[in-house]
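Some structures are shown below for you to check.
In the two complexes below, chain A is the common chain; its partner is chain B in one and chain C in the other.
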Partner chain A sequence: MSGILILLVAVPLMTAFLLSVTALPQKVPHTTLMKLRNVLSVSGMGVLCVILAVCAPAALSGHVLTYTVGGWSPFLGVSVLVCFLALFYSIPHMGYMRRMGKYDAFYFLMVAGIVGVFLTRDIFNMYVFFEILSISVFVLITAGEKKESYKASLKYLILASLSSALFLFAVGIIYASCGSLNMDYAAEGMKSMVEENPELMYVVFTLLLVSLGVKTSIVPLHFWLPDAHSIAPTPISAILSGIILKVSIYAMVRLFLLCGWQFYSEISPIIAYTGAATVAVGTLLALVQKDIKRMLAYSSISQIGIIVTGIGIGTDLALQGALFHVVNHALMKSGLFLCAGIIAGQSRTREISKLQMGAPGVAVSFVVLSLGIIGVPPLNGFVSKFIICYGAVQAQYSGLAFIILAASVLSCGYYFRVIQAFFKKKKRRKKTPMYRVSRFMSFPVYILAVLCVILGLFPLIGLQIADLALKMVGG
Partner chain B sequence: MDVFVILAVVIPVLGSGATLVLPHKRWTALFCSGVSFGVLCRLIIEPLPLEFIIRLPMNPLHIGVFIDGFSLIFALLLSFLFFLAVVYSSYIEARRYYSLLLLDLGLLLLIVFSQELLIFYVFLEMSTIVTYFLVIYNETEEAVKAGFKYLIMNVGGAILILLAILLKGSSLGALLFVAGCLVKAGSFPVHVWLADAHPAAPSAVSALLSGALVKVGVYSLFRFAPHFGADLSWLIPVALTSMVIGVFLALVQSDVKRILAYSTVSQLGIVLLGMVLQSDASVSGVMLHFVNHGLFKALLFLCMGCVIYATGERNIHHLGGLHSKMPVTAAACLIGCLSISGIPPFNGFVSKSILFHALESPVMKAAFVITSAGTVASFTRLFRHTFLGKSGAKVKRIPRSMRLPLLLLSGLCILLGFFPGIVLSLTGYTVECDVWSSSAVPEVLLTAGLGIAFYFVGLKTKVILETPSFSIVDRFFCGCGKSIEYFSELLDRWLTQDVNYYAAYMILFLVFLFFLLSF
Partner chain C sequence: MTWVNGITIGIVLVLIGFYGVMTRKNLIKIVLCIDIIFLGLILFFVSIGYVEEGVAPVLGEFTLFVDPLPQTLMLTTVVVGLSTTALALALIIKVYEKYKTLDVRELK
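What follows is the complex of A and B.
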C-alpha cells in the first residue's frame, strides 16, 4: 500500500516534468503541442484520481495507512477533484504562458505540493512541500502577464517567504527539543515539553500561528490575499481560494493538536477570537468591493475566519463543523470563482454593477453557490455554519455565534448585489462578438453546484468524513 | 391521512420543476396548485390534530408534521390564494415565474405544517429567498431596489430566529424570536420592506405577499412563542402603534398599491393584538380575521392589479371614473373596500366585531375605533378616486382569467360574512358573541361616520392630496446600511498600504501574540 501512496506525490511530479519537456521541441507546431499537453495533464490527473480511488476504501474504513493519509483522504479527494475541474476550465485558455508549457508544468508542481502536505507525516517534509506549493503559486499568479499580476505575486512572495522563515524557525525549535520531526514522536516530545518548558512551547505556537496565519490569511496577516486571488487567472484563483487556503488550515489543525488537548484548550481562545476578527473584517471589506473577484477574495477571508473560529472553539462539535466547512467552502468558493470568470468574460467587465446574466445555467449555479456561502438551507454551507454556531453556543461563546450570523446577513448583501445586477435591465449595447463559453468551462461549475446541493441535502456524508478526520488527529 | 399531506406538499414542489420543462407551463401550474388545494380540502373531514414524522436518508433532521385546525385553515388559504394567483397571472409568459410560485407554495405549506423549530426555520429561509425572486420579477430599477430591502430585512429576521433557536431557553432567545417574527409580519418599526416590496412586485405576487406571506410571521409567533416561554405582553403597544400608524400612512399615499400595503401593516397590527391577548374570543377572532384579511386584501390587490393593467397608471390622482369602463372590477373592489372597512354583511365586519368585543381596556378600544375609522377613510378615498369622478384614461381590455379570481374572492367575502361558522368550526374555538345584535348598528355607524369625517377633513385641508415625505423609520434602516458601508470604506482605505507595512504588521502581530501568551 505504501508504494501506491508514494505514487500520489510522484505522479504529479512526473507529469510536471513531462509537461516542461514539451516546451523544448522548436519545430513542432503549437497546436500539436497544446493537444499533447492537454492529453498529458488530463491523464496525469486521471491517474491521480484512480490511485486515490484505490486507497480510499482502506482509508475510509478508518485504517491508517503507512504515510498516513488516514481520515484526511476525503479532503485530499476534494482537493484533487477541484484541481481536476479547474484544469478542465483552463483548457480553453490559450495564453502565452500556456503556449510556453509553463502553466501546466507549474500546475502539476502545485498539485504535488498539495498532495504532499496532506500526506506527509514529517514536519520538515511538510515545510518542503509548502515551499514547493508556494513557489509554483508565485509563478501561476503571474500567468496573466500583466503589470499588476507581477506586483501581486511579489507581494505574496515577500509575505510567504517571511512566513516560511518563521515556520522553519518553529521546526528548528521542535527538532532541538524533541529530537525528532516525525509527527508521532514529536507529539510525545511536545507533550513533555508543555510540562517542562511551557514558555518555549508558547514561542513555537506563536511562530506556527503567525506563519500558517499568513498562508490562511487570518486577519492582521491577510493583506496579500485579495490582490493575489483577484489578479490570478480564474482557475488559479479558484484553487487558491478553494484548496490552498485549506491546505494550511489542515496544517494548523494537525500541528496544534500535536501538543495535546490540555495545551490546546489553553491557547484556543486566541485562535477563536482571531477567527472572529477575521470574519468581521473580511465581511466588512467585501461589502465595499466593486470588482467581483476581489469581493469573492474578501468573502474567502471571512469564510476562513468562520473555519478558524470553529477550530478555536475546540469542542468536538465545533471542530466537526469547521472541518465540514473546509470541504464545503472548497467546493463553493472554487465554483464561485469559476462562475465569476465566465460571467465577467461574458459581460466584458469585472465591475459588479455592470455584470450581465449571460448563460442562464452559469447564473443559476452562481445563485446556488452563493446561497451556499451565505448559509441558506438546504445547502451545505448552512449545515456547517449551523454546527459551528451551535458548538459556539454550547461552549459559552455566544458572541462568536452572533458575529458569524451577523456576517451572513452582510454576505447576503454583497452576494445579492451581484445577483441583482443580473436582473437589472440594461441598455442594449452594440453587438459585440459573442464570448464563447466552452463546455470545458461550464461543466465544472455545474458539477460543483450539484455537489453543494447533494452535500446540503445529505449532510451526514460530510459529517461522517469530518468525524473520521478528527479521530485521526487524535480527538 | 399522511398520504394527503405529503401529496399536497410534494405536488407543487415537483410541479415547479415540471413547469420548467413541460410545454404547457400555465396548465401545469394550475393543475399542481389546484390539486394541492383539493387534497387539502379533503383533509377537512379527517380527525385533527394530525401528527407524523418523515425521515430523510443521510440527514439528521426529521420533518415532523403537525396539523391542527389553525394550520389547516392557513394552509387552505395559502393554496387557494396561490391557485388564484396562477389563474390571474395569465399575462405573464416566463417559465420561471410559475416555477417559483409553485416552489413557494410547497415551502409555505411545509412551514405551516412543521412541528419543530429548526425545520420551520429551514423552510422559512428557503421561502424568503424564493419570494425575493418573485418580488424582483419585473426587473425594473424600483423592483430590484425594493427586492434588496425585502431580502436584507427578511434574511435578517430569519437570522434572528436562528439565533433565537441557538439561544433557546434564555430570555434573550425569546426576545430575538419575537423580533424575527415581527420582521416577517411587517409590524410597525420593521414594516419598511413591506411598503416598498408590494408596489414593485407583480400584482398577483403583492396579493400573495399581503394575503399569505406576511401572515407567516404572526402564525409562527402563535405556534412557536410558547416553546420559548416568551412574554408577549410588551407586544401590545407595538401592535397598537402599527394599527394606528399603518392606517394613517395608508391614508396619505398616492400609489394605489402602497395604500393597500400600509393598510396591511395596520390590519396585521389588529391580528397581532388579538394574538397577544390570548383570550378565547380574541384568538378565534384572530383566526377568522386571518382568513378574512387574506381574502379581501388579495381581492383588493387583484382589483388594483386590473386597474394598473388596464390603465398603466398607479398614481391615485391620475385615475378616476373607471366604474363605467370596468364595472366588474369596480363592483369587486367595492365589496373588498366594504369588507375591510367592517361594514355588514361582509366578512370583515364579523371578525372585527368579535375582536372588538374581546378587547378589554378602553385604550385598546379607542385605538381600534380610530383604526377602523381610518380604514374607512382610506378606502373611501381609494374607491372614490379610482372608480368615481371624471373619466380620463384609455382602458385596455382585461382578460377573462383576471376577472375570474375577483368574482371568486368577492363571493367568498360575502359567504363568510353570512356564515363565519365555516371557518370557526375548524379552529375548535367557539365564540359566544352575537355579532348581529342591535348594539352592532351604532358601532358600525360610529366608525363609518368618523371615517367619512376623517376623509372629508383630509380633503378640505388637502392633507391627503399630496404624498408626504416623512419616512423616519425607513431612513433609519437605510442609514444603518449606509453607515456600515461608510465604515467599511474607511477600513478598506486604511488597510490598503504598501507591502512593507504588511510585513511590519506581521512582525507586530507576532510580538503581540508572544506578549499575550507570556503574561
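What follows is the complex of A and C.
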C-alpha cells in the first residue's frame, strides 16, 4: 500500500524520459510523433491520477501515509488535477514548441518536482525537488520563444538560484545543530535549539523566510514574478501562478511549523505584516496594468499576500482559512489564466481595453472565476477570505482584516475593467478573426469554474481538505 | 579550534559570491558568482561532517571517522549546480543573440 507512493514520483519521471526519447527518431513523420507524445502525456497523467485515487481513501480518512520519507497531502490532488487540465489546454496550443519534444518532457519533470516537494519528509530532498521543479520551469517559460521570455527566464533563474543557495545554507545549519534532516527528528532538534541557541534559530528563520519569500514573491522580493508569469505561455502561466507558488507556500508552512509553536508565535507578526504589505502592493500595482496577463500576475501577488497573512496570524482558524485559500486560489487563478489566454487569442491583443468577449462560455467562466477571487458570497473565495478575516479579528489583528477587505474591494476595480471590456459595442471588423477555440482549451476552464462554484456552495469539503493538510503539516 | 576552518571559509565564500551578484554588471560574471556561492556552500557542508583525525568510513577497521552524509548530499548539489549553470549560460547565449549585450544595465 505505502510502496505505491514511490510511484507518484517515479511515474512522471519515467514519462519525462520516454517523452524525451520521442525526440530522437529522425525519419518518423512529425504527426506520428506528435500523436505518440499526446498519448504518452495523457496516459502518464492518467496513471498519476489513478495512483492518487488509490491512495485517496486512506489519506482522506485521516491516516498520513508514510513510506520512510513520504506523506500524502490533499494539496497534491489539487495540483495534479490542475496540471492535468493545463496539459489538455496545451495540447492544441503548443504545437510549434512541442515539435521539438522538449515541452512535454520538461512538463513532466516539473510535475515530478511538484509531487516530490509535497511528498518528501526530508529537508534536503525538498531542496533537490525544488531544483528539479525550478530548472524545468526556467525552460518552460522560454517555450513561447519570444524575445522577452529569455530575459524573464534568466532573471527568474538568477533569483531562484540565490534563493536556493539560502535554503541550502539554512539546511546546513539545521543539519549541523540537529544532526538530522528528517523533518520529524529535525523538529525535536529545532525545539531544543530554540531554548539553547535562539540567535542561531533566528538566523535559520531569516534564511528560510528570505529564500521562500523569493519563491512565493512576498513583497520586497516580488519583482521577478510579473515578468515570468506574464511572458510564459498560457498553460505554464496557469501552473506557475496556480501551483508553483502554492508549492513554496506549502514548504513555508511546513518548515516554519517545525520550530514549534512557542518560537512561531514570536516570529509570526513579521510574517503577517509582510503578508499585508504584499496584499497592498499587489493590489495597487494590479490597478494600473494594461496587459491582462500582467494584471493577473499582480493579482496573484496580492492573493499570495492574503494567504501569507493568514499563515502569519497563526491561530488554527486563520491557518485553516489560509490553507483553504491555497486550494481556492490554485483553482481560480489557473482558470483565469487559461481564460485570459483564450480571450487574448480571440481578440488578438492582450491590452485590456481592446479585449472582446469571444466565446460566451469562456466569458461566463471568466466572470465566475473573477467574482470568486474578489470574494462574492456564493463562491469559494468568499469562504476562505471570510475565515482569514474572522481569524484576524479574533487574534486582535483587525488592521490586517481591514487591509484584506479593502484589497478585495479594490480588486473589483481591476477585474470589472476586463469584464466591462467584454460588453462594449463591437466595431465590425472587415475580416472576422479566425481564431478557433479548441474543445481541449475550453473544457479545462469550464471544469475549473464549476469546481469553484461547488467549493463555494459546499465549503465543508474545502475545510476538510484544509484540516487534513493542517494535520499533515503538524505531524 | 581555530577560526580558519572549512566552515568559516565556506561562509566567507558565500558572502563574496553574494557581493559579486549584487555588484557585477556582466551576466556571465553574475552566473560565476552564483557558482562561487554554491562552492562555498559545498565547502561549508563538507566541513560540518569533518571530525579531527577522522578517516573516510569505507572498508577496514576504524574508530574515528568523518560524517559521510554531508559528502553524499553535496554530490547532489554539485550536479544541481552544474545543470543550473549550464542552463543559465544557454539562456545567456540566447539573450546575447536577441539583445546584443550582456550588460544588465542595458538589458533594462
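Just so we're on the same page, the second predicted complex is superposed on the first by the 463 of 475 C-alpha atoms of A that agree within 3 Å, B and C clash if a C-alpha of one lies under 4 Å from a C-alpha of the other, contacts with A are read in each partner's own complex, and residues count from 1 in each chain.
As a working rule, a contact is a pair of C-beta atoms (placed from the backbone, for glycine too) under 8 Å apart; a residue touches a chain by one contact, two chains touch by 3 or more.
Just so we're clear, the structure is a prediction, and the values are computed from it rather than from any experiment.
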* Partner chain in contact with A:Leu168 - chain B first, chain C second, else both or neither -> second
* Which of chain B and chain C A:Leu154 touches, first, second, both or neither -> both
* To do: Would you sort A:Leu410 into first (chain B), second (chain C), both or neither based on which partner it touches?
  => first
* Is A:Leu457 contacted by the first partner chain B, the second partner chain C, both or neither? -> first
* Asked: Which partner does A:Leu371 reach: the first (chain B), the second (chain C), both, or neither?
  -> first
* **First (chain B), second (chain C), both or neither touched by A:Gln346** => neither
* Who contacts more of chain A, chain B or chain C? -> B
* To do: Using the superposition on chain A described above, determine whether A:Ser248 touches chain B (first), chain C (second), both, or neither.
  => neither
* Taking the superposition as given, does A:Ile135 touch the first partner, chain B, the second, chain C, both, or neither? -> second
* Which holds for A:Phe124: it touches chain B only (first), chain C only (second), both, or neither? -> second
* Just which bits of chain A does chain B share with chain C as contact spots? -> 154, 158, 162
* Touch list for chain A against partner chain C, complex -> 124, 128, 131, 135, 138-139, 142, 147, 150-151, 153-154, 157-158, 161-162, 165, 168-169, 172, 175-176
* Structure fact -> Seen from chain C, its contact residues with chain A in the complex are 14, 17-18, 21, 27, 30-31, 34, 37-38, 41, 44-45, 48, 69-70, 73, 76-77, 80, 83-84, 87-88, 91-92, 94-95, 98-99, 107
* Structure fact -> chain B contacts chain A in the complex at 56-60, 121-123, 125-126, 129, 132, 136, 139-141, 144, 147-148, 151-152, 155-156, 159, 162-163, 166-167, 481, 484-485, 487-489, 491-492, 495, 497, 499, 502-503, 505-506, 508-510, 513-514, 516-518
* Residues of chain A defined as touching chain B within the complex -> 154-155, 158-159, 162-163, 166, 199, 202-203, 205-207, 209-210, 213-214, 220-221, 223-224, 267, 270, 281, 284-285, 287-289, 371, 374, 376-378, 382, 386, 389-390, 393, 398, 401-402, 405-406, 408-410, 412-413, 416-417, 420, 423-425, 457-461, 463
